[in-house]
Amino acid sequence: MAMVCVSDFEAYAKKYLPKIAWDYFAAGADDCTTRDENILAYKRIRFRPRMLRDVSVMDIRTKILGSEISFPVGIAPTGFHQLAWPDGEKSTARAARAMGTCYIASTYSTCTLEEISAAAPGGLRWFQLYIHRNRAVSQQLVQRAEALGFQGLVLTADLPYTGKRRDDVRNSFRLPPHMKLKNLEGAFEVCKMSLLDPSVTWNDIYWLRSLTRLPIIIKGILTREDAELAVKHGVQGIIVSNHGGRQLDEGPATIDALVEVVEAVQGRVEVYVDGGIRKGSDVLKALALGAKCVFIGRPALWGLAYKGEEGLQNVLRILQDEFRLSMALAGCASVSEIGPHLVQPSKL
Amino acid sequence: MAMVCVSDFEAYAKKYLPKIAWDYFAAGADDCTTRDENILAYKRIRFRPRMLRDVSVMDIRTKILGSEISFPVGIAPTGFHQLAWPDGEKSTARAARAMGTCYIASTYSTCTLEEISAAAPGGLRWFQLYIHRNRAVSQQLVQRAEALGFQGLVLTADLPYTGKRRDDVRNSFRLPPHMKLKNLEGAFEVCKMSLLDPSVTWNDIYWLRSLTRLPIIIKGILTREDAELAVKHGVQGIIVSNHGGRQLDEGPATIDALVEVVEAVQGRVEVYVDGGIRKGSDVLKALALGAKCVFIGRPALWGLAYKGEEGLQNVLRILQDEFRLSMALAGCASVSEIGPHLVQPSKL
Amino acid sequence: MAMVCVSDFEAYAKKYLPKIAWDYFAAGADDCTTRDENILAYKRIRFRPRMLRDVSVMDIRTKILGSEISFPVGIAPTGFHQLAWPDGEKSTARAARAMGTCYIASTYSTCTLEEISAAAPGGLRWFQLYIHRNRAVSQQLVQRAEALGFQGLVLTADLPYTGKRRDDVRNSFRLPPHMKLKNLEGAFEVCKMSLLDPSVTWNDIYWLRSLTRLPIIIKGILTREDAELAVKHGVQGIIVSNHGGRQLDEGPATIDALVEVVEAVQGRVEVYVDGGIRKGSDVLKALALGAKCVFIGRPALWGLAYKGEEGLQNVLRILQDEFRLSMALAGCASVSEIGPHLVQPSKL
Amino acid sequence: MAMVCVSDFEAYAKKYLPKIAWDYFAAGADDCTTRDENILAYKRIRFRPRMLRDVSVMDIRTKILGSEISFPVGIAPTGFHQLAWPDGEKSTARAARAMGTCYIASTYSTCTLEEISAAAPGGLRWFQLYIHRNRAVSQQLVQRAEALGFQGLVLTADLPYTGKRRDDVRNSFRLPPHMKLKNLEGAFEVCKMSLLDPSVTWNDIYWLRSLTRLPIIIKGILTREDAELAVKHGVQGIIVSNHGGRQLDEGPATIDALVEVVEAVQGRVEVYVDGGIRKGSDVLKALALGAKCVFIGRPALWGLAYKGEEGLQNVLRILQDEFRLSMALAGCASVSEIGPHLVQPSKL
């Protein structure tokens, strides 16, 4: 079977992953409305393509927080990569570096931060953090990440408790015994997420700031009010995200929320978006609506499930090629030419 | 099969109830458009969830007409509970009390009010009333309910005649011979609903008021005009309801009508809503749009059909857990923090 | 099988009519979009039902052009009733009279006007007319109808040529040899519709007026501009119609066009509507939006196909009962209480 | 099987063409959203038909750039007609001439321009041009076309690179060895589309103008901005087109873009449209919204696939008959009576 588009990798993963792993990655909260809306909302946006512009030399590079990436698609933080491929996050790190983009490693990785760093020295990586009841655990993680050369700290804001994912409940999902949340070993018993602290507030940003010189990116913002608070509390970036539709169901699609957040932020910090990216043209839409870069979650896992590092590179290369082509067909030769004039507002 | 969400109980009931009973509970008027719209209208509402609020201590209690309930979900009045479970309304009363919430017992119960009261002494209960051509029947019911400690009187306003439910006609639905409308025995022949009085008007509220000191809640209001009339005639509460889509088909979904009624009432009386509640997040939406509490009809019957009192408790507990989680994920630690800022208006 | 609603008769007719007859009656032009939209447009309209009104005594009678009918549903002109039932239009005439309503007999009847009159003396009937190239044919028909006691003349305005109904082309539809367009025998060869005159204009209304004292009702109006012209040319009534979606496909649904026509006419003439009526509540919607009466086409044919006169009475009685019930549930005790306050505008 | 409407030819072609050829003609970019939207957008437009106008004498002729055509439907440029029928573009040319309409021959024809001209001397033809990196190739083609009597030059603006058509990738589509891009033989290796020049800009219009006295029509415009630029750079006509949904997916449907382009152009040049035309009533809608003429792509190929020249004539005749009938049923006797009053704006 030819792997032509990202959906081909999804079909492959659905067919070949163990059901419990597929279900875990695919899961959305409740009725999965938001998970699916993330995708449908992109389809409602129409381009306004411009013709007869010189697109013979294409430049699709961009910068996020000062670091250049080869194209504006990074790897979103997702947990348990060994469920998709034996080498887990090590493969992810290698693929991201090979493709010249940024990988946000999850707290819930099945490899240690040290293993991830050693697997792909010099790669651009950020570290994703949950704040635990035991703040010492979080502090230690932040400091390990900084010491290992991670260049950004991504605080997930939308998981005071875990969303209700029906299939995971039905499957009694838990990690297979041979996999570990290696970054948390010793800190507490594996898979007890209730050790996350639901009392975290905006003031904890100041505490984080006191621990590290890394830029802080907040992930999970969906409203202009929270975007304003994020700027006010000094973050360097915002990832508009609904956790892939896995937390509160029936919130907004991320591409719809992006518009509101970008408008509130007014360029004071960088804004990124994840959720629902399946084609290069989705990336173009997100950038047209103000995102500096997008991050992919499930598509990266499907790539891993297909062929590990190589499979993820395939996925990234498809998105890269599609993004470049979409730009050209819309009349843009470089990322700086992308703007809101390229899209019509959704009619729905 | 794991019972994870309310739909699981629906699937169970559809599979195991006698067809004639399932059809009766499931029935909507005519094309069942309104029955189904009650659910679809919730799906069209999008949350605006807020992040990084302290949701470590959750308080989901509320009060209706001064009585505290453990969470804002009560049992709507539905008839013929013995069709779902042998103990009928006695099981319903026990489950409601066990879960600390309010049960509105129907005139068309298959247990007497006395049996219901005895089954769960001390539970918070309201009594649902139709006004009969023979007013003495209604008067006697009201006075029995008051004497038994029922704490509210719910007058159903939307059934001057019974709606046309095609499946009931096809099935020639009637109660099995061993079940009785026990509260009406002697008053008139069983199942002759035509004894309901279609000449009832707003002035009959004054007559009801003269019979009892109980608060009067009017059920079946769908417009601002009628909400205004209800307040003017001195009711203490309004249940926005379309009788589960069983009366006039193609009226508004209740959650849509709620907005209009709440706006008209301006806080002068409490407003509740029933119809279409299937998830804890639906409860959150209803409260965000101004309902003080919601009532569930068919989901309660599915719970009964599953395991009687225990099954209904399961359903209530699922809604309770989902409601608490939705609140937390939307950034609310107590019911008092819920407000219209939590939702976007429907795009359809 | 119990015949509970109009759709049951449709299912029966589809099962038992010869395919060529079913296809002919069911046919819409081109993609049948307008045929289906006629129905869908009703479903998009929402009621605003009012409660606690005295609906113990229901009066569903109305008057059209001064004649009382038992409820506001008449029989629209459709051709070839013998395709549905051996007695053809004689059965139709009997059923309409038995139910106390108006029957518009088609030029393309398979019984003569004389047979129709003799079958149901005293029934309220209008005659539907196409204007033929040979005006003497039309003149003779008008004068026969008037002499036979028909009380209105319905001029069809939307058929300068016959619409393209794909199934009729595929089936090479023509009347079976034993059926005749009896009102046109001798006038020209049967089934040559091209003898209709496509040069007819508004001035021909004056010519018609010169032939008869009967009120003239124009059928097929869909815009405010044409409604204005109809009033200006002295018609007594307008039937908003798109010929059941059989002429120009992708014009407006009739219930949507009704609003525009009623607004233009401002009560100067009576306005009726046909197309898409399947339930009593559809009748209520049409009246709420300003129609004085509705006419049913295909449902009448399905009734005939079921059991001739008796079957059509069944259909009419179902619509009558449903209309009365819908009125009561919406809070109206008589037709005069129906008004635009009963409906919300469509959201689509 | 009777060939009653254009969809019948589509079904035939899907059944009888080799899969690789069907897939090539059917292909849309990415998810094929725009390809399908081209059709759906027509269905969202509603007519406002007018009655009782004299439509006994119908005149459906029009003129494009001064040349009369028998009805406003021409043949859009599509490649590789030998994939559909052995005689390829020669059959196309003959059918177009027989039907009295315009054929836009593609650069990617499988017959030479000379063969096309010889097949149907005197037919109205335009030549479609891509600008190649080697400008001499383009210059030679333009001058050959002009010498052969082609009367217009259609510059395709939306293909700096070829869109991503997944099925073509999966099928590794390429021309069978016995077919050639005959107009380009010698110029460069067959099927190397990368020889198209992605650096073309509006200034190249001036270069084209310097080569030929033929009117220049630009194809692929979708925005008011580009329409304004086209007028400013001196083109004589604009074809609103999205290349049948084969280039940038999720741009606007052409009938939606037409409105914007017509408004911008204000009659300064002629505007045409292609994409999604399947019925005569679609042609009427396009003209009502300001198109001077429409062009059909895939329907022409389906006609060829059915029976070559004769099959394409069948398709054109069906569209002609349907267009004439739609006009009459909408109340227009000649093309000059068609205008925006005939349609309602889309509700979606």
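As written, the chain order gives the labels A, B, C and D, with residue 1 at the start of each chain.
One rule holds for everything that comes next: a residue touches a chain if its C-beta (ideal position, glycine included) is under 8 Å from a C-beta of that chain, and two chains touch if they have at least 3 such contacts.
Composition by chain, UniProt nomenclature: A, B, C, D = (S)-2-hydroxy-acid oxidase.
Owing to the predicted nature of the structure, the values given are computational and were not obtained by experimental measurement.
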| item | value |
| --- | --- |
| Those chains which touch chain C ((S)-2-hydroxy-acid oxidase) and also touch chain B ((S)-2-hydroxy-acid oxidase) | none |
| Fitting chain A ((S)-2-hydroxy-acid oxidase) to chain D ((S)-2-hydroxy-acid oxidase) on CA atoms, where both chains share a sequence, rotation angle to nearest 5 degrees | 90 |
| Chain B ((S)-2-hydroxy-acid oxidase) against chain A ((S)-2-hydroxy-acid oxidase), contact positions shared by both copies (same if over half, else different) | different |
| Interchain centroid distance [CA atoms averaged], chain A ((S)-2-hydroxy-acid oxidase)/chain B ((S)-2-hydroxy-acid oxidase), Å | 42 |
| Inter-chain centre distance, chain A ((S)-2-hydroxy-acid oxidase) versus chain C ((S)-2-hydroxy-acid oxidase) - centres from mean C-alpha coordinates, in Å | 60 |
| Shared interface positions of chain C ((S)-2-hydroxy-acid oxidase), touching two or more other chains | 348 |
| Category of the chain touch graph - line, ring, star, complete, other | ring |
| Touching residues (chain side chain A ((S)-2-hydroxy-acid oxidase), partner chain B ((S)-2-hydroxy-acid oxidase)) in the complex | 30-31, 33, 157-158, 160-161, 163-164, 166, 169-170, 197-202, 204, 220-223, 225-226, 229, 247-252, 348 |
| Touching residues (chain side chain B ((S)-2-hydroxy-acid oxidase), partner chain A ((S)-2-hydroxy-acid oxidase)) in the complex | 2, 4-5, 43, 45-56, 279, 281, 321-322, 325-326, 328-330, 344, 347-348 |
